[in-house]
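A, B, C, D, E and F label the chains in the order they appear, each numbered from 1.
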Amino acid sequence: MVEYGDASPEVRQVYDDIMATRKTDSVNNFWKALARHPATLRRTWDDIKQVMAPGTLDALTKELIYLAVSATNQCPYCMASHSASARKKGMTEEMLGELLAVVGMANETNALAAGYRVEIDQQFRNGT
Amino acid sequence: MVEYGDASPEVRQVYDDIMATRKTDSVNNFWKALARHPATLRRTWDDIKQVMAPGTLDALTKELIYLAVSATNQCPYCMASHSASARKKGMTEEMLGELLAVVGMANETNALAAGYRVEIDQQFRNGT
Amino acid sequence: MVEYGDASPEVRQVYDDIMATRKTDSVNNFWKALARHPATLRRTWDDIKQVMAPGTLDALTKELIYLAVSATNQCPYCMASHSASARKKGMTEEMLGELLAVVGMANETNALAAGYRVEIDQQFRNGT
Amino acid sequence: MVEYGDASPEVRQVYDDIMATRKTDSVNNFWKALARHPATLRRTWDDIKQVMAPGTLDALTKELIYLAVSATNQCPYCMASHSASARKKGMTEEMLGELLAVVGMANETNALAAGYRVEIDQQFRNGT
Amino acid sequence: MVEYGDASPEVRQVYDDIMATRKTDSVNNFWKALARHPATLRRTWDDIKQVMAPGTLDALTKELIYLAVSATNQCPYCMASHSASARKKGMTEEMLGELLAVVGMANETNALAAGYRVEIDQQFRNGT
Amino acid sequence: MVEYGDASPEVRQVYDDIMATRKTDSVNNFWKALARHPATLRRTWDDIKQVMAPGTLDALTKELIYLAVSATNQCPYCMASHSASARKKGMTEEMLGELLAVVGMANETNALAAGYRVEIDQQFRNGT
């Protein structure tokens, strides 16, 4: 992991932007790991900043979606860091409970649809 | 698939409840496939009805979470049927775009976290 | 796909063994696709023959396990071909129903365990 | 995690049923985590009790299927807790070995089928 | 899908860049689908162009890696479009065969490692 | 885990071959875990030796492909042990960075392709 003190100017610039955007004075291990490949650090941070910014979906809803993917993928780091972000943005214990209930059901019914090889209904065939 | 005309009374009862709850006059192929094992049909429908009902999270947010899991799992049936439900509940094209952008990023960063074996930060160690 | 008539002697030898072992006079598309890389065809067939042969677990139980993985991975080809093998070995409609019910539940609870970041109980720490 | 002493009456009722059903005097961490959202605890326990009960498939076969899904999904908690349950129900070391051999092969051939984009054979097209 | 004739100027600009970079006169369905959310189209194309460009790893090796992920994730579209790109960049039938053999083995041994809950060896504990 | 001193002759034979092939004097935990089921140990080692040997793809490229799958599957053991092998075979920090950048992008675009239900282009329909 690349600590601030050891970072190149281009990495520090990203770290500074992360801390300024998130109003914190430290950078998570995820970014310190990506800093081993500065192009990936730069690109990933720029993308995350764009994608997670509030739009038609608010910032909390986006965090909930992020958590849904991370629980499905069994990513312990992502659950740990993003459940903290989600709480900062207003996720309550009850919201987490409802979120995970839906995530659990979706994983269950995804497997059932594959297991029974359910054919797509005529009226759903024209795209998402 | 079990059609209404061929269904046992216990299966019909579930079909009737699905149509009444969803205010439609037909039942999706998913349920017609589950009807091959009536206990699974009954249990899954009761669970979905409970879990997807609006609570602290509204019904549309729950559909977005459901879609996030289904895109991650590469479940074509689930994307097809639930993007239709999500649209009925108000999902716009822009919302779908933002949803999938987050889903894509989450899948990317989940893989990066695993690939770099990022250690969980001290401050995130005490549970979700 | 490599058809029998166009196959090299080494590929034909595997095809012959598949047909003799399975008591059929044709070879599934899966093997015809693998035949594009004869070393993979040979190795995969030898492995499958060894692994799926009845042992402490009978041949049907092994097919059920195979189906559990394939539904979880959303593999349409694998569900299609192995549900046929399972039926040949005695899988009834009720067994399929119970199998998929367990597969669905396992996928649900796997996601819940990840989502809540459940810590492994002291008594379960000493290996599988 | 919600300990028995701190649990609400509705959570205790589930805990009591878990301990009575499993003939133990403690509750696994999984349930203590779900107890943070009592509706999920209640529903998941009722479902697991129904789905894992012996039917056409016996209780041990169901545990093996559960383990097959959990190894595929890389769920460490689920492997830990359910391999213990499976052993209680009679899983031997040899059974575990054969189970995991099948799980490994299925994951391998699932990837090969996707990689070669194998087309479903005509005779397997009519449903699971 | 957004066809060139119906595209906004910002979408056309990306389409033009895709066709110029790839030296073709048409755009794949993937990009026509992303064009429904122009910010995602722009960002994803810029990222792909940066990430897939030859670096320390050549362009073909990067396509092989891309295919390895897509076969693992059971993504039919991604296998279809990227096996075509890989062939253009020099992937032979033998290379595809060796690639998929490794992908298959990795999926098998990943499941075995999870199934046996293999502990990380002391000498591998210090990061990737 | 089965240590050398406690191993049966057939297990020792595999351990000896692993150490000779890899020019080391110890065996990784993965093999010590598989040794609990000697047939799986034997088969998996023979397969790995065949599949990972340099062919049209060199040994390093094969390790990169292996890592791509393991990061996608969130397999911590596999990332740990195979990133060590890859480094031994010449993987530099920059190569790892480029590898994971591609792996991340592939996971992102796989999810986007599923989420938008992108139809396979006419020209890609004839197989991998």
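Everything that follows uses one rule, which is that a contact is a pair of C-beta atoms (placed from the backbone, for glycine too) under 8 Å apart; a residue touches a chain by one contact, two chains touch by 3 or more.
These numbers were taken from a predicted model, which means no experiment stands behind them.
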| item | value |
| --- | --- |
| Pair of chains joined by more contacts [C-beta pairs], C-F or B-C | B-C |
| Equivalent interface to B-F, taken from A-B, D-E or A-E so that over half of the residue contact pairs match | D-E |
| Averaged-CA centre spacing for the pair chain D and chain A, given as whole angstrom | 27 |
| CA centroid of chain B to CA centroid of chain D, Å | 20 |
| Gap in Å, rounded to a whole number, between the CA centres of chain C and chain A | 33 |
| Multi-partner residues of chain A (each touching 2 or more other chains) | 1, 36, 39-40, 43-44, 47, 51, 69-70, 72-76, 79-80, 83, 94, 96, 98-101, 103-105, 107-112, 114-117, 127-128 |
| In the complex, chain E residues that touch chain D | 67, 70-72, 74-76, 79-80, 83, 99-100, 103-105, 107-112, 114-117 |
| For the chain A and chain F complex, residues of the former touching the latter | 36-37, 39-40, 43-44, 69, 73-75, 127-128 |
| Chain D to chain F touching residues, read off their complex | 74, 93-94, 96-98, 100-101, 104, 111, 115-117 |
| Chain F-touching residues of chain E, taken from the complex the two chains share | 1, 28-30, 33-34, 36, 40, 44, 47-48, 51-52, 55-57, 61-62, 64-66, 68-70, 72-73, 75-81, 83-84, 92, 94-96, 98-99, 101-110, 112-114, 116-121, 123-125, 128 |
| Partner chain B, residues of chain D touching it in the complex | 1, 39, 43, 47, 50-51, 127 |
